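Both complexes shown next keep chain A, but they swap its partner, so chain B is in the first and chain C is in the second.
The block that comes next holds the complex of A and B.
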């Protein structure tokens, strides 16, 4: 499987992360997205007229939607990640794959605006991203009350992988995640999965760090 | 304006190969500027009043100034050696002081934690003693004999090496790094960080490189450097206080921070204080 890839693209990272978690190796072909705009050049437009990346090719198969690529990798190498134990579970995964597109269009666009100066109404993008993040926070809070942490069922699925990158990178677009405790715990669970790989802006878990204690000014006040 | 002395400096404002006649708007030291080119492709930079600003095209970038620089823009003689590949890395906007962006570039100690398994790795976290000086004859900050164990020092590196570094600060928002070249151990790779101060707390970073590397594709080299820089971005945006403190205050430097101390001292001596704070924190 060959992935037309850009190291800073969260959608490409979805695919790299899923492949790493499924234990398969991708043939990575780096695309000069920025500053070269190679995704809008003739070679890549011939593969994907929409002019977007990632693009995954496998033999004659060409896939250009990252959530469809996740489905393909899971179905062919790690079917438990599809989350199709029951009709309801399968449909819920589908819901989250569609939800992930809303994250791309809001938090993802805010990040592109702030980092690479792509055009966009930043105030409207952040407002829309905040609404989307609040929905996600509410959903994960509900899951946690039932003792779970992943979006669908009791194990990670492609639904989690589809949503994770744009959420984790939201601070790049001026959207801090401090206000979303359930989202942060969910991200921690994903970062702790065996085989997890990071991308620039998403750091590895530093499991050697001690548990965070009271803030220094709290300690100072207590001692005074 | 805070840091008047910084008006008389040259700043990068665009990639020379990517100028358009239509142009684009930007900021320099808080003032509106416009970067475009004429019908022959020559760079045109104007200020908010439409006045043409001085322009230099060097190191693949367009440079301009709002003031009257006493000196020409610095040079990097090594970058002119034949056989080097010149890499325009592209630009990234960062919500941090332009001086903090440079200071982070001068720091080695964060490699194992931020650039894990690339520029550093645990448990190889010790920064060996190195030498730092402010060279009065050229008025530049230099750090030499810096050495650090790196799992993947460059796109061209095969496995871990003990990389040697030299850092040079020839202008308040520019730094040049000379680094062991994995492909030609007798030469230095040249990696630069050129910073355009938009405001005191936002900047645009234009990394540029002049490397000996015959194997990697241009895109691979660009991505390697973008990966490294964007790993730093989230850290830079969370540094507190936002302005770089030039007076000793709540920050306690260690031996590994010698370059940063010399840089801050040099900034303070020249009044290069746009993006800095002078009152002890």
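The block that comes next holds the complex of A and C.
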């Protein structure tokens, strides 16, 4: 599978994260999204007329929507990430994938405005993002009341991976996450998943790593 | 000064740190592996990074930037770039008074610790915290009460709503619901809190 990728794109990170969690290796092809606007150049427009990234190719298959790519990676390599087959769960996963697009269009657009000077009504974008984050906070608090932490069912699914990047990077768009305790704990659970990978601005849980460097008791022993 | 409700205990599990506020001061509220709660200034004395971005190992909170590690009383215990150095006593994070009761984390200025304990909340369990863009009096009016400790009914359930005033005409609502309420009831209370927030924010916008 080849991913046309941009390191700072949360949508591309969705795919990299899902692949890492599913334990598969992607053939990464870096795209000069900014400032080169390579995604609007002839080679990539031939692949994806919409002029967006990520693009995933696998043989003849070309996928250009990150949430569809998540579905493809999970279905082909890690079906447990799709949730179970029950009608309710299938629909819930689909609903969260659509919700993830609302995050992209609000918090993601606010971030592009602030970081890459993309045009947009920043006040309206932040207002819309706040509404979306509040919905997510309420939903996760309801899940926590039932003893869970992930959006659908009792394990992480592509629903979580679709929503996670734009939420975690919302502060880049002037949207602090201080006011969302359940979102914070949900992000903690995702950041602690085995196989989790980082992107600039999103780090893993440091406390899960061994402490680096010599410890004071070791130094004392060496000196003795 | 009284104790200020700053968070719900359930939102700060052992081994984690969270941002909070006391008035206009940014604080980090964190809980050690053994369950000890602490409230400190949210600023690493080294380079000013927010300690709430940091991480907890055992009984210590470390800054995410250069790993400076702080323990009991805010004292710096370790500077990873100088592992042989015993950090001087002067490298210390300012600490706040903190107490935990009935599932609520209460904070106060260290030198002005209130004599009276926080209000009793027996019979109630923490539900959730919501941030809203409205002044405390607007929220109280929308609830049909006054002050910062609102008691009444929401979604058909007895509730306590603690208002934590914040700068810039914002506040936090720390909501508790009657013990033993079932999940469906708690969902209704949560929805009623969302409605209360919409009502207060709309009233605030009209007033502005």
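Keep this in mind: the second predicted complex is superposed on the first by the 206 of 224 C-alpha atoms of A that agree within 3 Å, B and C clash if a C-alpha of one lies under 4 Å from a C-alpha of the other, contacts with A are read in each partner's own complex, and residues count from 1 in each chain.
Just so it is clear, contacts are C-beta pairs under 8 Å (C-beta built on N, C-alpha and C of every residue); 3 or more make two chains touch, one makes a residue touch a chain.
Owing to the predicted nature of the structure, the values given are computational and were not obtained by experimental measurement.
Q: For A:122, select first, second, both or neither according to whether it touches chain B, chain C, the two together, or no partner.
A: Neither partner.
Q: Which partner does A:36 contact after superposing on A: first (chain B), second (chain C), both, neither?
A: first
Q: Taking the superposition on A as described, I'd like to know which of chain B and chain C A:172 touches: first, second, both or neither.
A: first
Q: Which partner does A:188 contact after superposing on A: first (chain B), second (chain C), both, neither?
A: In the superposition, A:188 contacts chain C only.
Q: I'd like to know which partner A:20 touches here: chain B for first, chain C for second, both or neither.
A: neither
Q: Now for A:205: first (chain B), second (chain C), both, or neither, which partner does it touch?
A: Once the two structures are laid over each other on A, A:205 reaches chain C alone.
Q: For A:8, select first, second, both or neither according to whether it touches chain B, chain C, the two together, or no partner.
A: first
Q: Is A:141 touching the first partner chain B, the second partner chain C, both, or neither of them?
A: So A:141 only meets chain C here.
Q: What is the shared patch of chain A, the residues that chain B and chain C both contact?
A: Shared contact residues on chain A (touching chain B in one complex, chain C in the other): 203, 206.
Q: Under the stated contact criterion, what part of chain B meets chain A in this complex?
A: Where chain B meets chain A, its residues are 15, 18, 88-93, 95, 113-114, 116, 217-220, 222-223, 226-231, 233-234, 237.
Q: Quick one: in the complex, what on chain C touches chain A?
A: 7-8, 10-11, 13, 15-16, 18-20, 52, 55-57, 62, 64, 67, 78, 80, 83-84, 128-131, 172, 183, 186-187, 190, 194
Q: What residues on chain A touch chain B, complex-wise?
A: It is residues 6-8, 30-32, 34-36, 38, 114-117, 171-172, 174, 198, 200-201, 203-204, 206 of chain A that touch chain B.
Q: List the residues on chain A that touch chain C in their complex, please.
A: Within the complex, chain A contacts chain C at residues 134, 137-138, 141-142, 144-146, 178-182, 184-185, 188, 203, 205-207, 211-216, 219.
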